Structures are given as C-alpha cells and as structure tokens.
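Quick heads-up: structures coming right below.
You will see two complexes here that share subunit A, one where it goes with subunit B and one where it goes with subunit C.
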Partner chain A sequence: MEEKQTQNEQEQVIQKTPSGIKIFWKEILKDKLALFSLIFFVLVTAIVFTVSLILDKEQVVKVDLFAIHQPPGGDFILGTDYGGRDVFGQLIIGTRNSLWIGFLVTALSGFIGIVVGVVSGYFGGHIDNVLMRILDFFMVLPSTMLIIVFVSIVPEYSTLSFSLIMTAFLWMGIARLIRSKALQEKELDYAQASRTLGSSHFSIIFKQVLPNITSLIVVTMTLNLAANIGIESGLSFLGFGFPENTPSLGTLLSYATNPVTLEERWWIWLPAAILILVLMLAVRNVGEALKRAADARQRRA
Partner chain B sequence: MTLLKVEDLKVYFPVRGGVFNRKIGDIKAVDGVSFDIEPGETYGLVGESGSGKTTTGKAVMGLNNVTEGKIYYDGELLNADKKGQKVDIRKDIQMIFQDPYSSLNPRKRVLDIVAEPLRNYEKMSKKEEKETVQRLLSRVGLGPESMVKYPHEFSGGQRQRIGVARAIALKPKLIIMDEPVSALDVSVQAQVLNFMQEIQKELNLTYLFISHDLGVVKHMCDRIGIMYNGRFVEEGLKEDIFNDPQHIYTKRLVAAIPDIDPRNRKENIDFRERVKDEYSNSYYDYFNEEGLAYQLKPITDTHRVALPEKG
Partner chain C sequence: MWKFTVRRLLISAPQILLLSIIIFWLAKQMPGDALTGLIDPNISAERKEEMREQLGLNNPWYIQYKDWLAGAVQGDFGESFRYKMDVSELVWQRIVNTFWLSLVSVFFIYAIGLPLGIISGRYNDKLIDQLITGYTYIGFATPIFIFGLVSLWVFGFMLGWFPTGGSVEPGLEPGTLEYILSKLQHLLLPSLAIALIGTVGTVQYLRSEIIDTKQKDFILTARAKGAPERRVYNKHIFRNSILPIAAFFGYEIVNLINGTIFIEQIFAYPGMGNLFIESILQRDFSVVTALVLITGVGAIVGALLSDIILSIVDPRIRIK
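And then the complex of A and B:
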C-alpha cells in the first residue's frame, strides 16, 4: 500500500519534468504546417505499406498489351504506362520502395556515422586522426558517379545491396556532425566524473555522451531521410535505381524522359513527381520542428 | 602512516606546431611537486589560476597523464613506472568537481547519477540500489523524491550535494575536491563547506582541497600547500601559513584576504601597499630567472619554504 503510494508520487514527479517527446509535441502542435506534414507523412506511409501488402505485385508489373497508355478512369484509377501496367499500383509499390530505401539508408548511414563520429570525437588523438582521414577520403570521392558504377557492377541487385551502396557514400556528413558535438561533450565534467567513478570508455560513450546528443541525431536523421528519398528517386530517374519490375517513385518519374509521355500522358509521371515533392517537404517540415524542439532558443514561445 | 604520497610530480602538456604537428615544447603545468597527506586531515592546495593545482588533483585522480614522478596511495604505487602513464583509477579515491552544472549528466535522473559508481563496482539488485541511493541522498540532505528528478531541477548547492552523494557512494577514503564551492553563491558556500566537514567526521574521510579562496581554505584545511607556476612556494600547517608566511608570494596572498571591519581599512590598505612594494623589490630574490620557485627547504618540522639557495 505504502509502496504504491510512493510510486504514485514518483510518477507525479516524473510528469513534472517535460520529456523530449512532450516538448516535441508542444512544438508540433504550435506549428500547424509541421503538424499537417507529420499527419500526412504518417498517413502516406501507413497507406502505402498496408495497401502494398494487399496489392499483388506480379499483377501490377505484368505487361498487358491490350491496356497500353490508358488514361485515368475506367479500370485503372491512374491509367497505365506503355506496358499496360497499372500506374496507381506502381505508385503505391514505388512509394513503399522509395520510403523503405530512404529509411534503410538513413538508419544504416546514421548508425555508421554515429559510431564513427562519437568514437572519433571522444577519443581524439590518433584514433580521431585516422578516422577523419578515412572520412576525408570518402568525402573527396565523386559519390554519385561511384554509386552509379557500383550499381551497374553489383551482381545481385536488390533493395539491400542498393541501400548498402548508397550508405557507403552517405555516412560522412552525420559522422562529422556527431564528432564535433562529441568533442564538446567529452570535455564537460560529467564525462570526466564518469571516468573517476570507474565507468569504462565504452559505457561513457554510449550511456553518458550519446544521450546528450540524441536530439541532434534525431534532427539530422529526419532531415537526412528527406534527402535520401530524393537521392534514390534521382538515381532511379537516371536509370540507375531499380529495374522496371521493381517500381519506385524515380522509375515512374523517368517515364517523363520520353517527350510524348511528358507532354501527353501526364498521369504516368505527375503523381509520382508530386508525391516526391510533397513527401520530401513533409519530412523536412517535421525535421525543422524537431530542430526547434531540440534547441530551447529556437522554440516558439 | 601517510595515505597519499606524491613524489616529484610533473605534468607537462606538449605544445605542437610547425610542420607535421611536431612537439615543439612543453607547458609545465606541474613541475616537481611533492607532498603527503595523512589520513583524516584536509590538505589544501592553493594558488592562482594556472598555477597547476587542478592539474595536480586531476593527475592524482588519473584524469591527466603523469609525465614524471610517483603517486603512492596507502603505500601502493598508483602510476606505473612508465613515462606518460595515467594513474590507475580506484574506488578509494573520488573527486568532487568545481562546476556542479556540468559535472552531472543533464540527461540522467539523480537515481542514475548516484547509482553509476554502484553499478560499476558493486553488484546490487535494483531494490538494494534504490535503497542505497536513497540513504546516500538523505545523508546529503535531499529527500527521496529527488531520485526521479533531473539535475536542472536543483539549485547549485543541491547539485553539489548530489555530487557529494555520488562521490561517497563507494565509501572512499580520499576525496579530491576541485574548488567545490567556487561556482556557488557565497551564502550557499558556507552551508556546503560545513556539510562537507560533517561528512568528513562521520565517514572519516581525507580531503585534498583545491581552492584559490584563502578564506575558505582557512576554514577547511589543516595543512596547506601554496602553488605558483607549477611549483610549491610554501607548505605548512594552517597556522604556519597564515601567522608566519615566509615566502614573499605567500605574504602577498595572505595580505590580500579581505577584512570586514571598516575601521581597519586604512591600515589594511597601507599594509597591502607595503607588501606589494616588498614583492616587486624582492621578486628576483625569491624566484629564479624563469620566474619559478626554488626547491622547498624546511624551516621548522612542519613548515617548508622555497627560499633561494644563497639564503
């Protein structure tokens, strides 16, 4: 009984401290654009992932010569492409693929970037030197060109291998950012105090320093997500993304390279183009709201 | 029986520059410091900023590389003989930091902060751990409800108490206090200092007290070492230092202690002027060409002063 009471008290006390999520909610609720963006993004993600579960992928990508270039309406909500394939179905599966790649690349590059950055910043000295020179090497590489080269020579071309190739050239930005923050944090007394209390370097890095830079990580990853969706679509547009039997937003968009399609069959590429634009804007808006929530000085009063 | 013995401690920081970032020189933060601390006493390290007192403390704690010299704790060598090695961190020595605002991780609840050393050294169940933390917090005068709060919800004095609770969690014997009250309000300083003295008596602790505030040092310490430019200029009992300062630097420091009584004001000003003149006139008698102090020489059993060789 008594224990329960103290527990209740403790819970009350916990509620007094606004948590990060609460601050973010407050910020989002104040910023109507960000709120709308978040709802939109969550909605699109949910719809795309659930509908693509129901949708028969084989059916969607099957060539049907009797239904070439159907305009919207009738049997096909958004018409068909030159292979008689349903554009709406491709749009759903394509958005799912693009989002999935975006998430995967963001998570992978974020993971590598965070580990490299925080280790480099925390230890400094030779470790920092070596890691940063490796990073510099990757920075000077013409990444888009190399991604294209790797995409064309990789034997088994799948979502995973594509994500890994993209990750290999996209982890440097976040690593630099995290490193500079870790450099600041490790000089603070609490990191040294942890050392005197007998904590290992590993636990100081991941249990003490990392929680203090989570806000930065969340913000950067969100903004990276928008960028990564864009990069993937761009590569697919250029023809170095997925093959046609794996639609993505970029492949749909690349139909617009055909001038006739661009001028007369807007239903094939326009929805994808709008979706890319709106999705990236939505993610960005949420990211900006997160950024403000993470920095007390930028919060809206 | 000495608890801590520091022998000819040197901590140099390399100055890098030129091509390939070579080492082009050293900053001699601590340059040959020796002292011992007896169990149960409070040893004060005093000096101006940059005199190396904090570096000495951190070297003993193992936060800085020791360039040369030996640190013994309870007769045991703490830093291996190899040059540039850090001191073994051990649970008998703990540290209280100067800035209570940055020494507590802002993302951790007080429970996690105070329990950190326990988690590293003692195997405890969650319940035991909670009870221990609660006991430690009540010892430093904080209620159990503070366990679930974050550091920013406390005042400076309360935060420093949390720092103390964390430091005594492992039942250490020696606590290094790096200007523990310098960041606090004057009204809170006395409260925290008295509380530290209480804790010292209760737990039979030994303090290495680093400060630049002579008033605070006079209140806290049994023995005092005065540092200047990385070296000791004078060392002795509190009475030796305050009643019979021998070195010109110490004289000037002691003369600078403020006096509240306004009737003595004129007298004090004159006295300080005289000491200042003496300081500038005899500076080269007390320091060598590089502005460093000479070796310490005993003048009584307890009192050692860095007087020049020629006398």
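And then the complex of A and C:
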C-alpha cells in the first residue's frame, strides 16, 4: 500500500517536469509586457507580410511629381516623400524588408556562431585556440566601416550579399557564448559517461550537448534579432543597406539627413523611427522573458 | 605581469599585420588606382603604362604591399583625388575634430554613468533604481542614429537650444574665446547624444558590481568596525568596482568610433566618420583605405591597452 503511494508520487513528479516550450509559455504569460510584446510583434509581422502581398509595389515606388511632400491625411495616410511616393506603403514594405533581413542575418550568424562555438568548446585544445584567435581578431575590427567598404565594392550587390556581409561581422558574440557553455557541458558526467560507453563525438554533440544548450541558443538568437534589425536600419540609414529601390525602415530615416525634411516633414521619418524602436524593444522584451524562463533561479514565482 | 604583457603583444602584432593585408586587398578591389586621380584624360596609353611602371603598379602584389605598408607606416597614404591634397594631411584635420567629439563624449559617458551606476547599485530595487534600470533598458535597445536624429529634431530645431550642424560658427577667428565657446556649443548636443546611449553599459556594469560587492565579507567587516555608510560606499565599494570600468575604456574605442560615424553624419560634423562616408560615396578610395587602417589599428591598440591594464588591476586574468 505504502509502496504504491510512493510510486504514485514518483509518477506525479515525472509528470510535473514540464517541457521547455511549456516553461517558456508560462513565463511569457506571467510577464504581461512580454506577452503584449509578443502579440504586437506577431501582429506587425503578419500585417506587414500580408499587406505587402496585396500592395502594388510599382505604385508605391512610382514617382508622382504632383504629390511631392504632402502632409498626412487626404489621399495618403502618412503623406508623401520627396518623390511624391506614399510613405505608408514604403513603411509597410520597408518593415517587411527589415524584418526579413533581420531573420536571415540572425539565422546565418546564429548557424556560424553555433558551429564555431560548439566545435571550439567541445574539442578544446589547439582547435579552440585557433578558432578563438580568429574570433578575437573579428571582435576588434571596426565592423561598421568594413561592412560599408564591402557593401560598396561588391559586384552585383543584392539582398543576399548584403546579409552575407553583415553575417561575416556578427557571428562572434553567439560563438563565444556557446563555446563557454559547451566547455562546461562536456565536462559533466552525462557527456563523459557517453564517451566512456563509446558514443562518437558527433552523436554526443548533436544528441546531448546541443539539446542541453538549446535554451541559451533560443534566448541569444532572440536578442540578436532585435540588435540585427537595428544594425540593418542603421546601415540603410547611411545609404549602405539594401540595394537601391528596395526601401527599408532605415531608408525612410535617411531622408531625414536633409535638414528641411528633419525639421518640417516629420511624417516621412518619424513613423519609421518609432517603428524600429518599438519593434526592437518588443523583441527584446520577449528575449528577456525567455532568458528568465531558461534560468530557473530567475523565473517569476 | 611582464609575461602576460609580452604574450598579449604577441597576439596584437599579427592582428595588425593581418588587418593591413586585408585592407590592402580591399584597396586593390576598389575601382581605380593611384593614377586615376593624377592623369588628365588626354594622356596616351603608352605614357600611362610608363607611369604605372614607375609607380610600381606592375609589380607582384607582395612587393606592392611592402611599398604600401612602408608608406603607411611613415604616414604616406597617397593623395586624395577629390581634395587634391595629401591624404595624411586631410585625415589629420578630421581626426582632430573627431578627437574633440570623442573626448567630450567620454567625459559625459563617465559624468553620467558613474553617479547613476552608484545610485542604482546602492539603492537597488528602490524606486530610483527602477527608474535608472528602465532608462538603461530602453537605452540599450535604442540605436544611436535614431536617438541622434530625434535629439537634433527636438533640441536643435524645435527648441533651438543648440546649433544644428558643423563644428564651429563660420567667420570666427581661431584662438579667440568666442571661437572656443562656439566649438564647445557645437560639440554639446552630438556628444550628449553619444554619451546618453554609450553610458548604458557602464551603468549596468557598475550597478551589478556594487550589488555584488555589497555582500562581501570585507564590507561587513568595515561596517562592523563602525565605518559610516558614506565611507563604506565611497572608499570600500566604489574603489573596488571602479578599476575594471577604467580598464574597459580601451574596448570602448570601437563603440565610440561606431557612434561617431552616425552622429557626425547626422550633425554634419566634419570629423573622420563624416569624411569616411563622403569619401566612399565619392569613390575617393585612398582616403577610405587610410581611415579604415587608422581606426583598425586604433581599435587593436585600445583592446591591447585594456587587457594590460585589466591584468594589472585583476591578477586572476594573468593566470590564463
């Protein structure tokens, strides 16, 4: 009788260990700001991607000299820019482009960072030494300047080459994080035991070390997404982002380098500025909530 | 200590060498060469070839690289074809401007960051700390160019408190008091924009350092001995937390340069970042090459200094 009860208790305990996704959800539901941010981000993404499907792109980028610099209201919800183009349409397409490259660069740099980090941390020794020296070198480079130089000399410049150039200078942070975590993880008993039992390095990395650092990867990539959206819009702002005639949020902001536009035609650049800021904050809120969820000590009671 | 310094130097030297090779390679990829700016279009092809030979442009790449590097070390980066003057002279003028901008920014970074960090750490989880933490949270997520644009719009144009561009009022005599005041006035808004965003890391670091140190045994001892609260904070805790911050300064150089590129562009401030963007747009590549090399070497040397200072301050680092 008693034995049965303890067995029941044990079963309960086993049932109670929630999956990672459940913990994430619980944390986000508890943190109203993060929940709101997540809903906002998903909504903006959905709206921007569907509306830009319907939106006539030709119409948006078409120069209309009779409608230059119209303030908001009337035919154009957010007014027009120096070419008489609809700011609202550019905002939608720009947001889509900015988000799209944000996702792409985060995925690419995350992939490189994870590979370098895991290999470096897991194998250690000379491999680690060499990889970390390369990483140190990239860390210290003046990356904004070099990205701009690459962007301006690459032949047949396209969105893909732009994201590859950005990736080349943005993989180091995540690589360093993953490395230090992998370094700790491989010393733990379970990894050592697998090795003793004859598992290959490959299977230990993929079946044991990687699953155990998934939460770190998810958190870091979420926070990176926020940062990358900012970096892309900064480069587009300077004029070294997306290829010409592909508007981004930064492109709208770059019109503000003209003092008259900055001073008198706020409708061209201010919505884009606010949108970048709010999007970055929203993604960061979600990232911080995930970070708390990933660390049992920081979870909200 | 010496062992660490030497080992650290041995890492930096190849870094600088590698950087110079990459920049040389990039310079070769850029359209046009030293002759593009010099020659008038009427010159014959043979004469052009002769001049190429003379300038060593037909040599194998490693000899060209050696010549280029030897020139760069002596400050000879060729001639800017747009300004028709020595690149080194042009760059030097702009570096001086950027230096002042960075100096004032650094002053504000610490003048704002240190008090906020100390208050935030001392009164952690009180209302004032929550306000400061809120500021750092938003400041961390705000791209510097958006903050710069908005502050120029609000304080430069709408309120008219600050000049909206340039580095000095035109027509003033250099050296006079008015000239210096005008320079400072032009520096104020851009450097505050850099500092308010740039100081966020310092505040966050100092806060967590102080909260950490507060619970250490030697602080308990100091309190038990009856040291007044002010003395505990000013002498014992602050001194322990401030050194790493001073040492991080070298790493900050990269961030500072990143910030000045955007801020100089927004405020039309004639510094290095502004020159860099202009030169790239105008395809004045000898200037671009010089600027990237100088900032790259500056960043490497900054990181080197930081590491050495850190190793002096914190002996645990030396063991590695």
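We take it that the second predicted complex is superposed on the first by the 283 of 301 C-alpha atoms of A that agree within 3 Å, B and C clash if a C-alpha of one lies under 4 Å from a C-alpha of the other, contacts with A are read in each partner's own complex, and residues count from 1 in each chain.
Methods note: a contact is a pair of C-beta atoms (placed from the backbone, for glycine too) under 8 Å apart; a residue touches a chain by one contact, two chains touch by 3 or more.
The structure displayed is predicted, hence computed values, not measured ones.
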Per the contact definition in the header, classify A:G239: touching subunit B only (first), subunit C only (second), both, or neither. second
After the superposition on A, what does A:D136 contact: first (subunit B), second (subunit C), both or neither? second
Touch check for A:T261: first (subunit B), second (subunit C), both, or neither? neither
Who touches more of subunit A, subunit B or subunit C? C
Would you check which partner chain A:R195 touches, where first means subunit B only, second means subunit C only, and both and neither mean what they say? first
When the two structures are overlaid on chain A, which partner does A:N97 contact: first (subunit B), second (subunit C), both, or neither? neither
The intersection of the subunit A residues contacting subunit B with those contacting subunit C is none
Would you tell me which residues of subunit A are touching subunit B in their complex? 6, 9-10, 13-14, 16-17, 188-190, 192-199, 208, 211-212, 214
Considering the complex alone, what residue numbers of subunit C touch subunit A? 11, 15, 18-19, 26, 29-31, 138, 140-146, 149-150, 152-153, 157, 164-165, 254, 257-258, 261-262, 265-266, 276-277, 280-281, 288, 291-292, 295-296, 299-300, 303
Going by the contact rule at the top, pick out the subunit B residues touching subunit A in the complex. 58, 61-63, 89, 91, 93-95, 97-99, 102-108, 116-117, 120-121, 144-145, 147-150, 153, 163, 166, 170
Under the touch definition given earlier, write down the residues of subunit A that touch subunit C in their complex. 133, 136-137, 139-146, 148-150, 152-153, 226, 230-231, 233-234, 237-240, 253, 256-257, 259, 262-263, 266, 269, 273, 276-277, 280-281, 284
